[in-house]
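Right after this note come the structures.
The two complexes that follow have subunit A in common; it is paired with subunit B in the first and with subunit C in the second.
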Partner chain A sequence: MSEEILKLVKLTKKFGGLTAVKDFSMTLNKGELLGLIGPNGAGKTTTFNLISGNLAVSSGNIIYQNNDITDLRPDQVADIGIARTFQNIRLMSGMTVLENMQLAFHIWNDYNILDTIFRTKKFKIKEKKYLEEINETLKHFNILDYKNDKVDDLPPGIQRKADITRAILLKPDLILLDEPTAGMNPSETDELVEIIKWINKDLKISTILVEHDMRVIMNICSRIIVMENGDIIAEGSPENVQADKKVIEAYLGKSYQV
Partner chain B sequence: MDLTYIFQQVLNALSLGSMLALLAVGYTMIYGVLGLINFAHGEVFMIGAFTAMYAITGLGFPLPIALILAIIASVLAGVLLERFCYRPVQGSGDITLFITSLAASIGIRSLFVMLFGSRSMQFPMPKYLQGIRFWGDILITDLNLIIFVFTVIITLILSFFIKNTKLGIAMRGVSYNKQTAEAMGINSTSIIVATFVIGSALAAVAGVAWGLQYGNVRPAMGYHPGISGFIAAVLGGIGNISGAAISGFLLGVGQVLFVAFLPSVYSGFRPLFVWIVLFIILFYKPTGLFRSNIKWE
Partner chain C sequence: MKLTENHSDNFFKNRKKYTLVILFIFFILLFILSNSLSGYYYRILLLFGINVILTLSLNITNGYANIFSLGHGGLMLAGGYTTALLTLPVEFKANTLSLPLWLEQAQVPFIFSIILAGIVAMIVGLTILLPAFRLKGHYFILASLGINIIMINIAENVRPITNGATGLRGAPPYTNIWWIFGIAIFLIYLIWTLLTARFGRAIKAIGKDQGLAEAMGVNSAKYKAYAFMISSFFTGVGGALWTHLILTISPSSFDLLVVFQIIMMLVIGGVSSISGSILGAAIITAILEILQPL
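On to the complex of A and B.
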């Protein structure tokens, strides 16, 4: 029996009269790579925003490693080990790739202002260690060459990888990836698939993946949850989900049913 | 109108330029993290000047202690403004923020008029700052020099701080994108408060410098320097700290030179200069002279 890392209990989010997420319950096991799919407006991104603290929960609970994190602020959620990416790339556009990566170390560096000013030994050792880690991760993502470029000047594929790299540098135990392959070309998508596998298998970071590219989802997820109108309509292995009548209906409409 | 005259005028303008630079840096930092033009910044500046004046004349403290008290008072004012004026309306649109800050500005100014009257009150200058020195034909006051050097040092320290420290990087992060910064584990609320603390402390220094330079303080004293500081922030490319500081100096010197070349009856037209500059920037280069750190969205 594998250990639970994240548990959503009857999670609900209402925007005025609209219920975006309705009594949504699920669990994620440690090390799992879970796909979260569903038509537009199904509540996938809203669920991410609820977990990450960007939206206030209307009712229900979010349990992370046996702690209730329902009411935490976004920075506190990041602090306890949940990283996320956003649907649109959210790099800090005026900064270089390296500076963006350094942001991720904000929660890790424990040197104080005096260490910074006087460049103490502690500061230098830590700084060196961080830079090495950044370099290593960038290298793994094949974007080390762009380290000193301003992010605005880079193509979207590189930006997307940098976006994910930064989330990884937070050293999370759980990562929420919101449509990482959106707007990517096939070869970039293939590369991202490998990266996601690496994050999940080698770095052992539990992953929830929201994705519209079915090829990606079916290829790498061990389990899939299908959402529609804020609730689960199907759950299971890729094969089972693909064959599910309700899923076909949600995606393609009733007329496609055999 | 020879070169010596111009050079003399530029030197005279250094202290004004310094004050505007300090104010502009505060404007630009607060705009950076909050997207808010803090019109009450001029009042925070005034509160610093008033506190120092009262500490010296009322309580008999020496200037350095008065300066520290001024910084404490201005920081308190800035933090209270953030907590009770801006935080409650956060996220409710630019117009709301704009009007809130304008209301805070007028409210504080009016409160001080009620308490102290609208007349100028004398700001005493200690003897050791009254010296003057000559370089050939050019005269410079010690005060002018001290204010300038002090400002340059503060700005350099601040630039270093923003570029290299954990808090500084977090501030830049929040100014680029608050939500993403939060996803990186940065508590944006405390960063915003920290920014108000720094900006208000700089305004207090500028306020004390103003009192020393011009010898008096009054409740409405923050209005013109506040507007000039804001325009310097725009000129520097809002969000850009060194740009704001340099623009503050340019604007101060520009103001003084502007009236220096006009007949002396027009000396009251000094504020006109900043408005002309604002008009020209907004017309031809709304992103400012220097590359902005903020992405306009």
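On to the complex of A and C.
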């Protein structure tokens, strides 16, 4: 059970004189749901960007399933099974929900260019299979009705769910969720919590969750890492982290109570 | 869920049938037009067809993939010169140019010469622009402008092959209505099939949001290059068809003005749309002809 899926070794990222992530080391076990919290500017999103290849690492290593993936490009990272969402909802504007979802099948290279041009049986079977998978996942997320709507016209709650759906459709082994409940109302947040649980428990996708909503983090994460100024200041179970003096001082505040 | 799927299945079946019917009617119309139109109007129809090909190929890069290129004039020159050199009469080549023997003796069938024209344009586009893919936005546009300037300079100065500023005259009049509209329809079909599959989705995604496309596993550099290859191939083919219609090619045949005309066609009809490209080509071709006497 406690097999490592991701390991960060002394990860450092410098932007000029600013060190955003400093000698950051952590491990994530297979199937774990890890919460990454900390004040703004602590380096949480930078860490995500380093893992997903959007930023170049200054020093240190990223080990994924025993392979060094430090220097991979974002598309290669997605290809080996690490999906991510972004802090702000990112969907292809001007396209329908379905078209957005179809892009997820890009990495499952099942038919070639000739199949495409001549619309062979293989092409049709694969496309139909993809469509079925998309329908199924959208149905699970309760957004099947919006399938043919342009993403720009949808309310933020639906957009957020679509955003997570497209990451799930990549069929990753590890998903990086960057503030999935930001800007959501309480009922949408509850729904997203259920979705995150489902992703982690039923789909068995290891998850790292960056979140500012402590109710969410404390509820669903099995382990929490608290960052400040690019470094770990506390690590452990939700109860331990809540009681940690340094964490209360740096992030939670003295009045915080669950 | 069942409902939508059945609906889409029917839709596809019907669409296939309708498309075939429309194609059939279209070719009958072309047949009638080719027999009834007088020389001038027939020529405008052919120009319109070539403009459709050029606009559609520009649409792949400037529209769908959102790599704004001003270099397509240079690619047309590459295609035009290639097909001219491969098909010009042997006496002309022997008297005015100093070519290697195999090229001097070359008399290639039209179909191969336009394919080769496309391939040469593709190679030219890739060699000059691949390094430029590292640039973004305005900087890429300026770099792409370089293709035009480089190709015009080559055409003016490599006299043994291109005959300098005079250009090459007397290309055989191979281009006809069937070639042009055949290729145009093939291109429309090609773009449509690609766009509704993995390949085109990747290109559209790059055009909309490159960062997100990469997060979804699309190798953006590779797919941009693919888009540019297809685009420059058909631009080269367009230049070749043009050369065999006008029967002459010179360094000033496809200057920046021509590029902007094609961009105008693209923008007026609507970027990232097949029907828009056709409509834009029709409107601008007509306007240019109407304004000619003024």
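Operating definition for what follows: the second predicted complex is superposed on the first by the 249 of 258 C-alpha atoms of A that agree within 3 Å, B and C clash if a C-alpha of one lies under 4 Å from a C-alpha of the other, contacts with A are read in each partner's own complex, and residues count from 1 in each chain.
The rule is short, and it goes like this: a contact is a pair of C-beta atoms (placed from the backbone, for glycine too) under 8 Å apart; a residue touches a chain by one contact, two chains touch by 3 or more.
Bear in mind that the values here come from a model prediction, so they are computed numbers and not experimental data.
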Fit or clash - subunit C, subunit B, common subunit A: clash
Partner chain in contact with A:F48 - subunit B first, subunit C second, else both or neither: neither
First, second, both or neither for A:L103, with subunit B first and subunit C second: both
A:Y64 touches, of subunit B and subunit C: first, second, both or neither? neither
Contacts of A:K147 with subunit B and subunit C, given as first, second, both or neither: second
Touching partner for A:F24 - first (subunit B), second (subunit C), both, neither: neither
Partner chain in contact with A:R166 - subunit B first, subunit C second, else both or neither: both
Set intersection of subunit A contacts, subunit C complex versus subunit B complex: 52, 54, 73-76, 78-79, 83-84, 86, 90-95, 99, 102-104, 106-107, 109, 111, 113, 116-117, 166, 170
Residue ranges of subunit C touching subunit A (in the complex, touch as defined): 1, 4-5, 190, 193-194, 197-199, 201-202, 204-205, 208-209, 211-220
In the complex with subunit A, residue positions of subunit B that touch it: 160-161, 164-167, 169-170, 172-173, 176-177, 179-188, 292-295
Complex contact set, residues of subunit A against subunit B: 52-54, 73-76, 78-79, 83-84, 86, 90-95, 99, 102-104, 106-107, 109, 111, 113, 116-117, 166-167, 170
For the subunit A and subunit C complex, residues of the former touching the latter: 52, 54, 73-76, 78-79, 83-84, 86, 90-95, 99, 102-107, 109, 111, 113, 116-117, 119, 123, 127, 131, 135, 139, 144, 147, 166, 170
